[in-house]
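Chains here go by letter, A, B and C, matching the order in which they are written, and residues are numbered from 1 within each.
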Amino acid sequence: MGYGAYVPIYRLEASEVNRVWGGVGVPVEEKSVVAPDEDTVTISVEAAKQAVKRSGIDPSEIGAVYVGTESKPYAVKPSGTIVAEAIGATPSVSTADYEFACKAGTEAMQNCIALVGSGMHRYAMAIGADTAQGRPADALEYTAACGGAAFIFAERGADTVAYLEASYSYVTDTPDFWRRSKEMYPRHGNRFTGEPAYFKHIHGASKGLLEETGYNPEDFDYAVFHQPNTKFPIRVGRSLGFTMEQIDPGLLAPKIGNTYAGSTPVGLAATLDVAEPGAKIFAVSYGSGSGSDAFVFTVQEAITGKRGGPKLARFIERKKYVDYATYLRFRGQIIQ
Amino acid sequence: MRKVAVAGVGLVKVSEHWEKPIWGLFADAALQAVKDAGSDDVDSLYVGNMSGSLMQDQLNMGALMADALARPGLHAVRVEAGSASGGVAFHEAVKAVASGYSDCALVAGVEKMSDVLPEVAAKSLVMEEEQEYSAYTGVTRAGLSAMLHRLYMDLYSEPAEVGMMAVQSHENAVGCRHAQYPFRMSIERAMDSPMEADPIHMMECAGVGDGAAAVVLVPADAAGVEVAATAVATDYCSLAMREDPLTLGAVMKAAEKAYRMADVKPGDIDLAEVHDDYTINGVLSLESLGLVEAGKAAKLVAEGGAARDGSIPTNTFGGLKARGNPLGATGVYQVAEVALQLRGSAGDHQVEGAEVGLAQNMGGMGSTCAVTILRRLAP
Amino acid sequence: MSVPRYWREEVPRYRLLGKECTGCGTRFFPARPVCTVCGSTEFKDYKLAEAGEVVTWTVIRNPPTGFEKYRPYVVALLELDDGVRLLSQVVDVDPEEVHAGMRVEAVFRRVKEDGNAGIIQYGYKFRPVVE
């Protein structure tokens, strides 16, 4: 029914990380960094407000607000309560926060689809957002980034911007990346996060959905994959038979890094910003732990009138660079 | 209502009085004033204090200070009106004597800011603002003043001209025994100092200090220093609610009431003690008091108009900037200083032929203002 | 920070919800019990414009307690497109970029926290308009 996305203004270049730690990696060019007064809730509110505005609906009719994140500001108190209050969805609303590493946002989407599909709610909003924390000197420090997107689901109609054809979730117990509850930083299995984790589950979900729908990669105009860095989504997309033309519009990691639970949602939003009515979108997330959610969306006529205001590309090009010390300061990683 | 006069004055040097508790500072000033008045028939006590509850965890200060003076049974109360606590406490004491309720009122302003860290002192200043929509922005008193400073500069003056308010205050403080910073300061030093809140430089801001000042009030006689007028007015708290932010409405209204009560015009004022916690506030005070035309005060001060021999001698012992600004005590310092001038006992700070003097004390961003006019009674 | 005090102001802060006097139509933010223009005590809810411009501003370099980690930050007097004025921080901007007349729009941000264990306080700030 409507969608919105947001990326904060600050950027940290991979070269700046290398300057400090003496490394040479460039898994992405630069990543987005929150200002000290931003967090997953504020990012979610920005994306949600844009979604509500574009949808044209009365926010008090939203029946559910689900936020998927692995950086929720409160361990106990759903981010959704604050987002729902901020957008005027309260009090007739259900909210909860979802966790499934980087696929928490698409988890929220799956459940909103179920709420609307079952007739329980007229509108349900799913948000994927994160302010991912990178351990200094760790490989993931280059890419752990901040951003989010929000989607309002409704019964398919003439006023919806894209309709869901099918979705499929593929989950196993694969401990490739995790964080114990009182730890500040996650841990990961390094190369183990590749084949047995990211690739296996995206393949599993993609193959499963393609088989069920009978589609082939050529049937799609766009393919959006979870983007922990620049290379993985290209590799997995190509290995499934997709082309760079299909992958490129939704590939934002080089410029903003990995927004974790925001990653696939934000890639999907960027794709919706440019897709023409009738276009088919194949979107697959990946969350460590592990699992993938795959979706097929077809874009509708109404989209052309419902993507006003600044598009994600505008937020991506709006940037100010910070040096490494300022980055640590903004992320609260300096001991005082 | 009978006329009231200032019978005695007591002043403690504004400084960091580490060894003195707040009642100790109070007692120093109070006993000085009582001695100076030549009588100890005090039957009411008004204590001006702004932040004792935050800085000393101390409420019920009227009773505490009466206790310190060994005066059980005394009518005593603390008056709080932000930074205008001193001026408003003075006002209350005047009413008590004028009405006949009291025959000898002691007013003492006291503050001990050195008991807390600078951030807490800054917080106490912002506690004078509306909390949920002004203070919640993280703004400080310096910041609010800076916004007015910027507007004033855009319309009327160079930065250095407003800065001269601090330079003149320092010039006037040289040799003053009760001043916190009794030394000259150049405009270069002020303008080179780091920014406090752009565009205000640190050296344009009054500092933090401890102090106490006291005044004894009695029914007026044929000779002495008469309280010709005392008036209090308020204004909407937030700058967002001000039609013209550069007009301090509370100052204007309190001044109008005071001039009417004293039956004087602004031109009759021989000297003024104004609230220059930030240079811009001193400048705007001169204008809102009607002592200088709107937009002209910074230039006038820069050209020497506020010097002892200028057209409107201002802050003759250093004002808030150089004499000091111990919050709740400031208003009483101002009145005491005007009284000294009118008695002719201002020494090197004497304004020749001073007959009528004005003291202006503000709380919040001019949301409370107390204006006092004293007059020399000649037999 | 008092939880009730914070909770009470959530909706006005989160949604920029003020009041309009039913007597004379004057708009206020925040709400007040008595209209400053006509003295009426009857009001209805009014949603403020979410964009406006800078009237004047400053840069806070010595914050009060609770705001230290954000220094330096810009605080401005804003006039919204509906004529209502308010004080607010201006974010996502370098202090040197701020100027009178700069167009700004409302955003939702953290204001401060009550240590590591207390509540997080959110509210409105403004940023240069993103077209």
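In the analysis below, a contact is a pair of C-beta atoms (placed from the backbone, for glycine too) under 8 Å apart; a residue touches a chain by one contact, two chains touch by 3 or more.
Here the structure is a predicted model, which is why all the values come from computation and not from measurement.
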item	value
Chain pair whose interface holds the most contacting C-beta pairs	B-C
Central chain (distance from its CA mean to the mean of all protein CA atoms)	C
Centroid spacing, where centroids are CA-atom means, of subunit B and subunit C in whole angstrom	31
Distance between chain centroids, defined by C-alpha means - subunit A, subunit C (Å)	30
Interchain centroid distance [CA atoms averaged], subunit A/subunit B, Å	58
Overlap residues in subunit C, where contacts from two or more other chains coincide	70, 111
Of all residues in subunit A, the ones touching two or more other chains	none
Touching residues on subunit C, where the partner in the complex is subunit A	10-11, 14-15, 69-70, 91-92, 94, 107-111, 120, 122, 125, 130-131
Residues of subunit A that touch subunit C when the two form their complex	8-9, 35-39, 41-42, 45-46, 49, 73-74, 82, 85-86, 88, 310, 314-315, 318, 320
Subunit C residues within the subunit B interface of the complex	5, 9, 13, 29-30, 36, 55-68, 70, 73, 75-77, 85-89, 95, 100, 111-112, 123
List of subunit B residues in touch with subunit C within their complex	118-120, 122-123, 125-126, 132-140, 142-144, 146-148, 150-151, 154, 194-200, 236, 238-241, 245
